Every structure is written in structure tokens, then in C-alpha cells.
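The following block contains the structure, expressed as C-alpha cells.
Letters A, B, C and D mark the chains in the order given here, with residues in each chain numbered from 1 onward.
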Amino acid sequence: MKKFLNKVDNMLVESLSGFGTAHADLVSVNFEPTFVTRKNKAKNKVVLISGGGSGHEPLHAGYVGKGMLDAACPGQVFTSPTPDQMLAVAEATHADKGVLFIVKNYAGDVMNFEMAAEMLPFEHATVLTSDDCAVINSTYTTGRRGVAGTVIVEKCVGSLAETGADLQTCKALGDKINQRTASIGVALTSCTVPANGKPTFDISETELEMGVGIHGEPGRRREAMREADAIVGDMVAAIVADFTAKNLPLKGEILLLVNGLGATPLMELYLIYNTAAKLLGAHGCQIARSLVGNYTTAIDMAGASITVCLLDEEIKQHWDSEVHTPALRWGC
Amino acid sequence: MRTAFILSASQAIHAAIVANEAEIESLDRAIGDGDHYVNMRRASEMIASMQSELDDQPVDVVLNKIGMKLLSTLGGASGPLFASFFMAMGKTAKENGHESLLQTAAAFAAGVQAIIQRGKAGLGEKTMLDVLIPASTTFTTLAAQDKPAKEIAEALKKTADEGLESTRNLIATKGRAAGLGERAIGHLDAGAKSCQVMIHTVCDLVLKG
Amino acid sequence: MKKFLNKVDNMLVESLSGFGTAHADLVSVNFEPTFVTRKNKAKNKVVLISGGGSGHEPLHAGYVGKGMLDAACPGQVFTSPTPDQMLAVAEATHADKGVLFIVKNYAGDVMNFEMAAEMLPFEHATVLTSDDCAVINSTYTTGRRGVAGTVIVEKCVGSLAETGADLQTCKALGDKINQRTASIGVALTSCTVPANGKPTFDISETELEMGVGIHGEPGRRREAMREADAIVGDMVAAIVADFTAKNLPLKGEILLLVNGLGATPLMELYLIYNTAAKLLGAHGCQIARSLVGNYTTAIDMAGASITVCLLDEEIKQHWDSEVHTPALRWGC
Amino acid sequence: MRTAFILSASQAIHAAIVANEAEIESLDRAIGDGDHYVNMRRASEMIASMQSELDDQPVDVVLNKIGMKLLSTLGGASGPLFASFFMAMGKTAKENGHESLLQTAAAFAAGVQAIIQRGKAGLGEKTMLDVLIPASTTFTTLAAQDKPAKEIAEALKKTADEGLESTRNLIATKGRAAGLGERAIGHLDAGAKSCQVMIHTVCDLVLKG
């Protein structure tokens, strides 16, 4: 493992310090406990707090700012943050309209946020994201994982909260978007957790991992490496099948997000986008909004995920509204 | 159970976690996300360093403080679970006492119950509970039979070994390996391994003392 | 080599097609010859055209849009584009105020743009960027290489051109920024040119390449891998020395750009930023503007470059002005 | 020099480039950016496929069209250089004729001059010119002495070999290897290698014919 770091135990603090300095106009970074808050927060709005293990940058701290999150709690790499972080940041940011936690559906994240929520002395609710359709048989699992679709939830609920909407309305939009979103990822190489110093899994030059998680968790299947069109074809088919299974046929306007997992060149992401857009178009979708880049990563994994969100007027309006965060900015 | 014992156990556990780095780490890499060892190392180091702060505290306070510290240093799935374990153990120790082996077994059982409640998992889901639930049963049964501490310690080590081994051929239905289906078969669970290591360590202290 | 591609010879076309679809609101992509033009181009402005080998995405096509480039000519991977591309795109975009080529200083780029310029039937000028201070002894070289500093030139000259400034004024600003900018890169791994299928250079787990070029060209030295602080310290020292050598002491307000070369996690880039910002601050600089991310890549190289631009009011104003391109957007 | 010869040379050159893939590619990877082989393959394939379009054209037109096509397909540093070579060769062939060996040598020399002008490099800068300049001298000298074609071909091959070999111990002062300083020493130049391959190929056609 070769990485830009000093002592591995200091990596998170040093990186977050740099993040705080680079974006001092937008965010403040706090340590002990660790959290990132938005500067110039609008008053009298539902406070949006997300968090999760580090290693998925720019998720979540990169989405703190106007029109998106009010705060993020970064955990150690691939390790959920702890309840003291959430309590402290909720204390530091809340006003009178309550706190909405946006949590990716992993046992650790769920339990840590749950414990924080139980201790929270004011109104709160939680949106659990679970857009990953990689895991086929739901009897195997406590639920699906939250992956890149979380960005869409954070963006749109952030926009709604900015209008002064109340807690339940914000939660409802988050739940709706999660329901209308499906993702699937594929890995060509493993990620390496810095503290481990070795790749999480072995994978040969002739294999890929279909349905990989954003922590390098194994996916649907180890498969033979093949042409991009064939890989993307299978990914799109999985997404389409997921919408069908949800009784929500995939047609009409969609948002197509092609997300790099950390080490995939933009050139390849656009190539994936090209194929995905054609296939989804042929399936009867109009690609009304697009996002291509590294938005939810798995440290240094070469791989990509495809996320489709079935739009409606409400989601589209909130996707389009002003946002100004370190990693997502438009309209201002 | 006395404070001095808990404190020396916490030192020994830290050493044992570090000694088992390779195995714990590789298990969570194989079917999890690879952070379990680092988290356990960080947290057990933190607990071991609380020595002076805990030295003259009553057992229930010590257990509760350990739980609170775990809650804020471990993170991940195991953080809230181990934290709940110690906090519940402390609560029961306070309410029911902790002098006898039976009281200690009851506190342990309360800890395991707290894990079950927090994680909504049970036996056979390929988690730490596959070590902890049988261990709790063994502990309570033998303590109720007034068996000597060393016999209980030997029995607990054996139960922990069997519980760990039982995770090998399970499909996971909780935690990160839950998406894996058949692919989880053949691998031991990382959290179960940590628990087996910790139970061995504590039991070895009993056997030595 | 594992990459998301179909036939390697089609990779560029497929990727650019995806790029064109994903950003259809901002750009148009043309083939035979290949070029990318801005939609909704303001009339009556100097036309800014850049280009170069592909593999550096988002450079240059990602910077086509309002407030930045009017067009880009992508070549094959790491291969300069050809004069027919530049001639066709100049023909397609020019108005009456002339054409300004922004060219990174590589023999191939320079010669191809030169031949195009010689054939161009209207007013034109060229800004050659050469911000890479990695090459120490200038007697060895026809000139320094243009790297990530090019983004700053394109942004600021783009802003100036938008105001209706004339060709020579635009060129003068580009030359000034180039003069006031220095960069240096370091590689932890090699890039792999897709058509080659193997890494451009071999590098072990214990080495780094200091001063690497954005095509994987060898740099100053092969050195021992070490702590990030030590690596960044050497990079900052090289940049400071370069300003000193130019008789332009590095103090006062600067723009600090920490650029990922393609496979470096954002977490590491912010860690680099953290150290660089501290060192430059201690040197007497104020970091007035920052940019951290993948802005000028070397395909899939793990590595990073640091760029410092010595600001003045004019540069700062043009950096801050509205920009709306696929890869850089603010103010609108 | 006749059109038929140029066309069969272009086929042979395409084959020779492909046959030398490993070496050309690895040379540009070592001290360049690794694209030279792919570019040469793409461009030589393109020229080889122009057969029917060039078939009945005069020599100067053929050379010029090859140059123009290279200009729009090769790219990189070698694109404008090889393009300039062929366009200048075509121009001189048109103005001075191309029937005799001496006329052909003059056209070749004009091509090399065009490369020098475009790239502003000379001998000893570790570029293709380290093959082309000596080759041009040999060609012109021997043609002026009325040596037979086969003797000239043999001599040109030898000159090309020596020129290529001469790049090994040079520091580069032009092109991508220019930043390398001493580190370029020990490596042959990729563009010089392509030129040596192309000269060998054309000379072998002469020797066979």
C-alpha cells in the first residue's frame, strides 16, 4: 500500500483539517468529537445531519453547505461514527424544527444513529437510504445497503429543508426518493483500508466483482471481466428489474448518476454513461438529469456504480435548486 | 467480579487483540469491510489506558464507564453492541450485586441480552452472538450448579471455541456479510472471533489466578 | 490492465459521446474531426480554444462552457490533436475578435497547434502554458511542461474574454498567469495507456517518482517512499525555489490547487492540502483561493500535483467570476 | 521513385511497424509517454488503406496526400514531423522530378529539412533526426556517386542502424524525454527506432526488387 499519509492513526484528522481549511468559507470542522458543520446556516429550518464511515469522500462532509446538509459526522475509515458525535453536532446546530438524520442502511450506522436518537432531547426523525439493489435475495439480509443514491436524497431533502418545510415533510421526501432510486456497483480492483495496508479482497486481472459494496463487501457474484457494454448491460438490467420488483416501472424522466469508486478515470465513467444512457433510453426513459464523477467512493477502488432515480416534478425541482457545498455546487 | 480483575482483564484483552491481529483482520476483510481489527485495537487500547481513572471505582461504575467509552471510541456495528453489553452488565451488577459467580453470570447474561436487543439478531445469524449466547448459557448453568471458577473458565473457553467454529458454515443474515448469501460459507465471523479471543483471555486470567 | 472499455480504438469516441450526452445543455461534440464546442456562446468575444491528448480529463473538454473555453480538441490518449481539428473548430466558432489557442508546452501540442495557426485565415494568438517546475536544468529542455496550472489560465482568460476584451489583452493575461504559476507532481503508481495495456513505468512499493509529468514521463528523481509531510515539503520547496528563480518572491495572496492524477482518494488530497497550506502559510503566503480534486489527470495514476498561482487583484477577480462548464462551476 | 513503389512500401511499412510493436512501444514507455507505437500503427494502417485512392496518382501527389493524411491521423510530436517530411518530399519531387536516385535523394533531403524546420532540432538531440540526418547524407552522397540502388540500400540500412544506436547515450534536449537529463541515457529514442524500421523496410524492398 502506498498512500499520502503520515501516521495512519492521524490520517482522518489531518485530512479533515485540510478539508476545513480549503473550504473555510463553507464549513467548520470540529474535533473531539469529530463533526463538520455548515457556516451561515439558515435559521428556522429542519437540521439535516448525515454521517458514516470515512473513505467515501466527498460523501458526507463534502455535501455540507447551503441547500444540502447542515452537518456531517465522519467516522474512522469504513467505521460508523459514534453517538457522541451525533449528539454534539445536533446540539450545536439544531433550531426549533427538529433534526433529520440521513443514514445509509448498515448495521453499524443504523445502531449508532439509533442510540444517538434515543438520547436526543428534541424532535427528530431518520431517513434510511437503501438504494443498492445488488443484494438479490432479501431473506439473506436485514435490508439493502445505502450507496450513491444517498447523494440524491441529501441534495433534494436539503433543498426542501431550506424552504422551511417541517420534519415529517422532509422525511417523507427522503423516503420517497429512496424508494424511487436504485444503484448497483462493480469493482475491478479492491480498495485498501489504510490501517490494514492490504487490499480488502483479492481479484485477478480477468475478474470483476458485480454488486460490490462501497466498503469492498463482496457483491452478487465474482464474474469474468468483459467488455464495458456487457458489464453495463447487466448493471442496467439489475436496476430495471429492481424497479419492476418494486412495482414502479422504470419509464419517463430519470436522473442518471454514474459514480466512480475512487480510482476510475473520468474517461471510463463517461464511456459507462454512454452505454447506460443508450440502454435506458431504449428502455423508455428520458435522461432528464445527469451526474458523472466521484460522488460516493470506496477509497481507492477502481470501479463504478450506476444509480437511477425515477424523477417527478417535486424531485426535479429540488434537484435543480441552488446548492453550494464543497463537492456539489450550482445555481449560485 | 472485582474492579482489579476487570482492570487486569482489560490490559490482557488489549494484548490479546493485538496478538490476534492477523486473524481478526483477515476475517473482516474476507466477508466484511476490513475495519474490525483496527476498531478493536483502538478501543481496547483506550480502555486499557483508563486504568488510573477506574482504579478505585466500584465494579458497576467501572463497567458502565467502559461501556460509555466503547460507545464513543469503537464505532461500526460492534461499537453499540459491545457498549450496550458493558452498560447493561454494569446496570445488573449494580442492581443484583457482582460478588458471586452466579451474579457475574447474570450480569453477563444481561449484557448479551442488550446486544440481542440492540442488534435484533439471534443465534445462527453468523455474528458475535453465536459465541456469546452459548457462553452465557454455559456460564449461568455451571454457576447455578456451584461449579468452581476454574471449571467454569475451562468450559467457557470450550463453548467459545465451538460457538466461533459454528459460524463457519452459516449464511449471515445480520451485519455486513448479510449480502453475501452462500459466499459467506466457509468463513468465520470476525466479531465472533473477537469474542472468542476475549473470553479466552478472561478465562485464562481466572485459570492462572 | 482492467478498464471499462469495449474496443480500445473506440474508447475515445464512446467516452466523448457519453460526455456530450451528459452535458448536452453545455456542449456539443463533433466527430471527424473531433472537437467539443460550447453551446450558447456569447457573440463578439475572443474565441478560446484549447486541446491536447486525452487522458487528462476533465482537461480540456470539461472546461468548455460559459466563462471558460469556447472549444476543445481532444487527441488520442496522450497524443496531441491534429491541425485539421483546430482548423475545423476555429472555423466553427470564431467571430470577429480572433482566436486564442491555449496550448500546454509539449513538442507535439506546440507543433500541431503551430501548423494549424499557420493555416488559419484569421487573427490568432497562442498562450503556451509551462507551469511544471519539475524539470530543474532548463538546458536539458525546449521548455517546461504545461500541467494543472493550465486550468487557472483557462478559467481566468475565459473570464476576461467574456467581458469582450481583445485578443492581445487576453493573451497578455494568460502569459501573466503562466508566469505567476508553478506546479510539481509526484507519482505513487504509473498510469496505463489503454492501447498499450501495461503501465508506462515500473515503480516499486517503496518508491515514488518526484516531478512526474502528466503523461507518466519520468521526473526529477526516483525517490524513496516516505511520509506525506516530507513529500509535500519537497514539493512546496521546489515551487518556492521556482518563484525565487523567476525573481518573483512567493508571498502574499495565492491560489493553492491540489490536483489528483486520477486514482488518488480525495481524503489523501485534503491531507496533502493540509500540509501544503501550513508550509505555504509559514512561508508568508495567504491562501486566498483553494481548489482540491481531480482537475488535470494522468489517466489512472495514483499521485498528486501541487500548483501555486501568485494572485493579484486582476487574477483574483477573473478566478471568482461566473463559470459554468461540466467540470468547474460557480456563481451561476 | 514511382507510385507503385511508394504504395508497396506503405504496405510493407505498416507490416513492419506492427512486427516491431514490442520494441517501439517499450521505448516510448521508457522515456516518453507510451503512445508512439499506437500512433504509428494507426497512421501506417491508414496510409496502407489509401491504396485505391492513390493508385493512379503522380508521385508528388501521392507523397503530398500521404503527408496530409499523416497530419490528420498521427498527432503527437511525430505527426507534424512526418507530415512535413512527406509534404516537403512531394513538393521537391514535383519541382525537381523524382525519376533518378539523385532526385529521390534530394526529395528525401528536403523532407528531412522540413522536419528540422518544424521541430527546431538538430543532430544529437536524441530524436528521429539522429537517424534521418545521417541517412540523408549517405543517400545524397552515394546517389551523387552514381552508386547502384542496392548498394545505396545496404548503406542506408547501416547508417540507420548506427544513427539509432547513437541515440542510446545521448541526453534528450527535444521532445518528451527532454526533462529527463541523465536518466535518458541508456535508452534508444522511439522515433529514431520507427525511422530505422521504415528505412530498413524500404531498403529491403529495393534489395528484393
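Following the convention adopted for this analysis, a residue touches a chain if its C-beta (ideal position, glycine included) is under 8 Å from a C-beta of that chain, and two chains touch if they have at least 3 such contacts.
Because the structure is predicted, anything quoted here is derived from the model rather than measured.
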{"item": "Distance between the centres, which are taken as Cα means, of chain D and chain A, whole angstrom", "value": "54"}
{"item": "Inter-chain centre distance, chain B versus chain D - centres from mean C-alpha coordinates, in Å", "value": "74"}
{"item": "Inter-centroid spacing, chain B versus chain A (mean Cα positions, whole Å)", "value": "32"}
{"item": "Chain centre separation (chain A, chain C; CA means) in Å", "value": "29"}
{"item": "Numbers and ranges of chain C residues touching at least 2 other chains", "value": "77"}
{"item": "Per-residue overlap in chain B, given as positions that touch at least 2 other chains", "value": "none"}
{"item": "Chain contact topology (line, ring, star, complete or other)", "value": "line"}
{"item": "In contact (per the touch rule at the top): chain pairs", "value": "A-B, A-C, C-D"}
{"item": "Complex interface listing, chain C residues touching chain A", "value": "1-6, 11-12, 14-19, 21-23, 54-55, 57-58, 62, 77, 188-189, 205, 208, 225, 227-229, 231-232, 258, 262-275, 277, 287, 290, 292, 294, 297, 299-300, 302, 304, 329-332"}
{"item": "Chain C to chain D touching residues, read off their complex", "value": "9, 33, 53, 75-85, 106-108, 111-112, 114-115, 134-137, 139-142, 145, 193, 195-196, 198, 200-201, 211, 213, 215-219"}
{"item": "For the chain B and chain A complex, residues of the former touching the latter", "value": "25, 29-35, 37-39, 42, 71-81, 83, 118-120, 171-181, 183"}
